[in-house]
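We just call them A, B, C and D in the order they show up, numbering each chain from 1.
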Amino acid sequence: MKTTYRTAVHDAIRDALRDDPRVVLMGEDVGRYGGTYAASKGLLAEFGPERVRDTPLSELGFVGIGIGAALNGLRPIVEVMTVNFSLLALDQIVNTAAALRHMSGGQFSVPIVIRMATGAGRQLAAQHSHSLEPWYAHIPGIKVVAPATVEDAYGMLAPALADPDPVVIFEHVQLYNTSTDIDALTPTDISRAAVRRNGTDVTIIAYGGCLSKALDAADELSLAGIDCEVVDLRVLRPLDNDTILESVSKTHRAVVVDEAWRSGSLAAEITARVMEGAFYDLDAPVARVCSNEVPIPYAKHLEEAALPQTVKIVAAVKGLFGDRQ
Amino acid sequence: MTDTKLAHELLSDMVRVRRMEEKCAELYSAAKIRGFLHLYVGEEAVAAGSLRALADDDAVVATYREHAHALLRGIPMASIMAEMFGKQEGCSRGRGGSMHLFDASRRFYGGNAIVAGGLPLAVGIALADARLQQKRVTACYFGDGAVAEGAFHESLNMAALWNLPVLFCCENNLYAMGTALERAQSQTDLTVKAASYRVPTLAVDGMDVEACHTAAQQGVDHVRDTGGPFFIEFRTYRFRAHSMFDPELYRDKAEVEQWRERDPIRLFSEQCRHDGTLTDADLRDIENSADAEIEAAVAFAEAGTWEAAEDLERDVLTPVDRRAAVGEATPEPAR
Amino acid sequence: MPALGSDMDEGTLDEWLVKPGDQVTRGQIVAVVETTKAAVEIECWQEGTVSELLVPIGETVQVGAVLATLLASGERAERRPRRKPRPSKPRAATKPAAAPSSARGAAVTPPTVPQRRRWVSPAARRLAQSLDVDIDALSGTGPQGAVIISDVEHAAASKEPATKPMTKPMTKPTPADRGAQMRKSIAAAMSRSKREIPHYYLADNIVLENSLSWLTARNAQRSITERVLPAVLLLKAVGLAAQRFGEFNGFWREDGFVPATGVHVGVGISLRGGGLVAPAIHDVPDKKLDELMDDLTDLVARARSFSLRSSEMSDPTITVTNLGDKGVDAVFGIIYPPQVALVGFGQPAQRVCVIDGGIRVVTTVQATLAADHRASDGHRGALFLNAINELLQQPDLLEK
Amino acid sequence: MSTNEDTRGVVLSVLTTIAPEIDPDDIRDDIMLRDQVDLDSMDWLNFLRGIHRRLHVDIPEADYASLRTLADVVGYVDENASQPGTGGH
């Protein structure tokens, strides 16, 4: 049966609300409107306004309220419409949710789940096209995940809710309409990266919206005789070092794909870790494919030029093989 | 004032806070306490009067000027002092310091050092109480500076919109650090701001401990009866600098002296003497007992131990063996 | 000097508001101190009489320095040598200026433009070291001419660097080319081994009855694709024993023996048309028999189609050679440097043995150990062989 | 149904993938295979696995010893084949 990413997100929330009365969904237009990305359509009717709460446009306020509610026995799923609006709530996420456990000497855990859409590709211009996942991945005290597949879109919510610490889930806007043939959706995990394609010559590391581009690049490169392994990070914090280093140690080459801007990106962090942990296994410098360092422009051809694309990944990989190409 | 016992307790609470704060200033000068240190001297009547109105299972969210609230909520002074020394016997294991005193067992959700950062938190705690059908009050303390933050607006709006049981306690000491209220607010009557969200309000003399107590009791009763929010503006003054490193260039010494005339401890002890509920011997007993408590607390903090640096990264995420305990004791909400 | 904030390290005394002999009370302002932020009034925390002012006006002292002494009531001043508080460290302005560059510069000859450091990938550099390949003699085929793993592998196979630059295009070498290259590389490695490594040899007869009957029963329940060869049992036994006897599992480097962290057993595989490779099966002690069988099958197939991975060539920490199929009774091998041990197995066959005082015909195999005497001694070698023997008597232990 | 000749062809083709250096025409039906071709135990196993894969005959380990010549193998396969032959490949 074909299942879309959007349906998987929706069903995960619905099942969470069904399975645990402590779960509440809150956010802007999650109720009557059905969610900006229609991920909560019909849930207000099914669970009522106490559990599916439309909030005012007060990101700082309702994220803080979610944190307080989590401290006091609820398991809130807080939807912040998009990552750019989450900047208004960054104080509560960084200064409260992430720090509370530590600064209270371990007395308070904050079991909140914060979901938001991220990424570019829909001509939404500079204020609605960010990939700020690396900022969140920088913060100790929270976990950050990025489901890139329909399976994970469903499967990551349950373990995130079961986790006693804050979990931030990034859903790439380009993924909501993607679909896969799936019989049954089940919980996955939020601890490990996944090897999405096995290969021997080079490791392509990607996450979220860039995974499919990486897999496309791998297909194309196989025609050129380059056998790519593709690692889906899945969990952006804490990073799964073992899977990354194991793969790079095997293939001796790595290309990191990240829709965030290059400077200070997750790609930068992963590159550093590969250097620290697999330097003597490298047969070529680590390459990166990131967004150009420009606010994302509106015009379609310029937006495409700014973002990581399959063709750029292919070129980056080929660049790691000298005379062989 | 006829209730001698209550009078003695209110006075004792204020004296304990005053003497503890003065000791903290001394210990800071001696470099035993480091970091930022914000003292409550002058504002004692607010915490002493208002916290007494709360029940044991109510919740408290406080600011970075929260030593008084922690102490009067029942956290042992020794544990507070050890925290300020950075010792692992402290109420936050030495990870928090002066600005981050916490006690889960007393539902004391801590000193929050982001101005207005505690307001959404308090509304969320109240939301959970409402949803879990607990008739509990969450008292949220903040200063006049917090009123300028967006979080104030968002939190009062949502608390009123969703009718949540929060007692908003604004400790208006007239200065946001060094910025006077009239230099920061177009409307200096803060109850008018709160009322605009259709939250019932009260303004009270924050130097009068009995008035603070009465107002808080009224507010708590309202919150418990209606399940909705209430706002109290305590008009008070801090006698000491904002923090230890503040040359106080922004206010006149004469102004400080004028307010010192209305020292809440002096006002109340004079009144009690006048009423005949307090003798010199009573006052001496109260002071001696506070001094003894402080001496013991300092000795405890001095004798405390430093956490091993190898444990540096503990308490960032919940350890696996304690995960099951998170939220375990909470009652089932109605479906 | 009191600490007045977390960013205050020192203060300058601006003004004394008391003098010796004055009575002071708790909370009294006694001095004004200039900090980086502003002038701050200093409170006194004790009662008493001012005895001595130790810091003169205008002096800057560190936080914690004593500013003045007080006498408690009844205490008498004690004449003691006046200790000046240490003044604050001089500011940067008083640092000596940098020496003029001409002073030293004149003696130094201008550096010649250095040649760009040769680009060698980290993995290639490590591989070259372990294969004893001279990197400087290689031409690189990686990005921007960097020397990469495959360059080192080619060089190790041909072992004739420098004189002839590698002119061959990227066409597939013929079997004859390969054979010639391999012969040379075996010649180089084995000559080096016999030249440098003081070998000692031990042999042990191992009764295989338990192992073989156990394996026969195990295989009988499985289809042909799941059956395991006896060679796999031997491999696992060597791996487990090597894990216990670390001095046979590792490398002899310039500085002495370096034990390996994992046990990666090199398996001697003879190639059709001559030649020999000994690529690694990784982490042998951790693998189940079925996994080892799969690995061995895969490795042999790839060895014979010349598609081994570089890590498989460079990773072995000990080698096993099995010549039993060729009908020989025993093999006394040559260690593959920089490894320090090689275990050989001859043909398993029915032989007459004395067991428990009686004569019996049983299947035995002769296991031999060639070991580097620099890294281990015969006594330990004997124990190592015994351990292999014991493991083969309890095949259950090999299953995991 | 497969014929004897088909089976022989398939067996020989399996053998040549294992030992590419041999000329199938040189293999004699009645002489020990291991004397004609350099086969170690891994090669032998791969040979039998190839037969299993191509001709769907599972050969128990106990029967290995009876398979010494090409004729033995072809005969064994024809006797035990359970699936339609793959002649015509």
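Please note the rule applied: a residue touches a chain if its C-beta (ideal position, glycine included) is under 8 Å from a C-beta of that chain, and two chains touch if they have at least 3 such contacts.
What you see is a predicted model; the values in this text were computed from it and never measured.
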{"item": "Pair with more cross-chain C-beta pairs in contact, given B-C and A-B", "value": "A-B"}
{"item": "Averaged-CA centre spacing for the pair subunit C and subunit B, given as whole angstrom", "value": "56"}
{"item": "Cα-centroid distance, subunit A relative to subunit B, in whole angstrom", "value": "40"}
{"item": "Euclidean distance of C-alpha centroids - subunit A vs subunit C, Å", "value": "35"}
{"item": "Length of the line joining the C-alpha centres of subunit C and subunit D, rounded to whole Å", "value": "48"}
{"item": "Junction residues of subunit D, two or more chains touched", "value": "none"}
{"item": "Pairwise touch network: line, ring, star, complete, or other", "value": "other"}
{"item": "Chains touching one another, given as label pairs in label order", "value": "A-B, A-C, B-C, C-D"}
{"item": "Complex interface listing, subunit D residues touching subunit C", "value": "19-21, 38, 40-42, 45-46, 48-49, 52, 58-62"}
{"item": "Residues of subunit C defined as touching subunit B within the complex", "value": "2-8, 27, 35, 37-40, 43, 45, 63-64"}
{"item": "Touching residues (chain side subunit B, partner subunit A) in the complex", "value": "59, 90-96, 100, 102-104, 109-110, 112, 114, 117, 119-129, 131-132, 150-151, 153-155, 157-158, 161-162, 314-318, 322-323, 326-327, 330-335"}
{"item": "Subunit C residues within the subunit D interface of the complex", "value": "216, 219-220, 223-225, 227, 229-231, 270, 272-273, 296-297, 300-301, 325-326"}
{"item": "Subunit B contact footprint on subunit A (complex, rising order)", "value": "21-22, 24, 50, 53, 55-56, 58, 60-76, 91-92, 95-96, 100-109, 111, 140-141, 143, 163-165"}
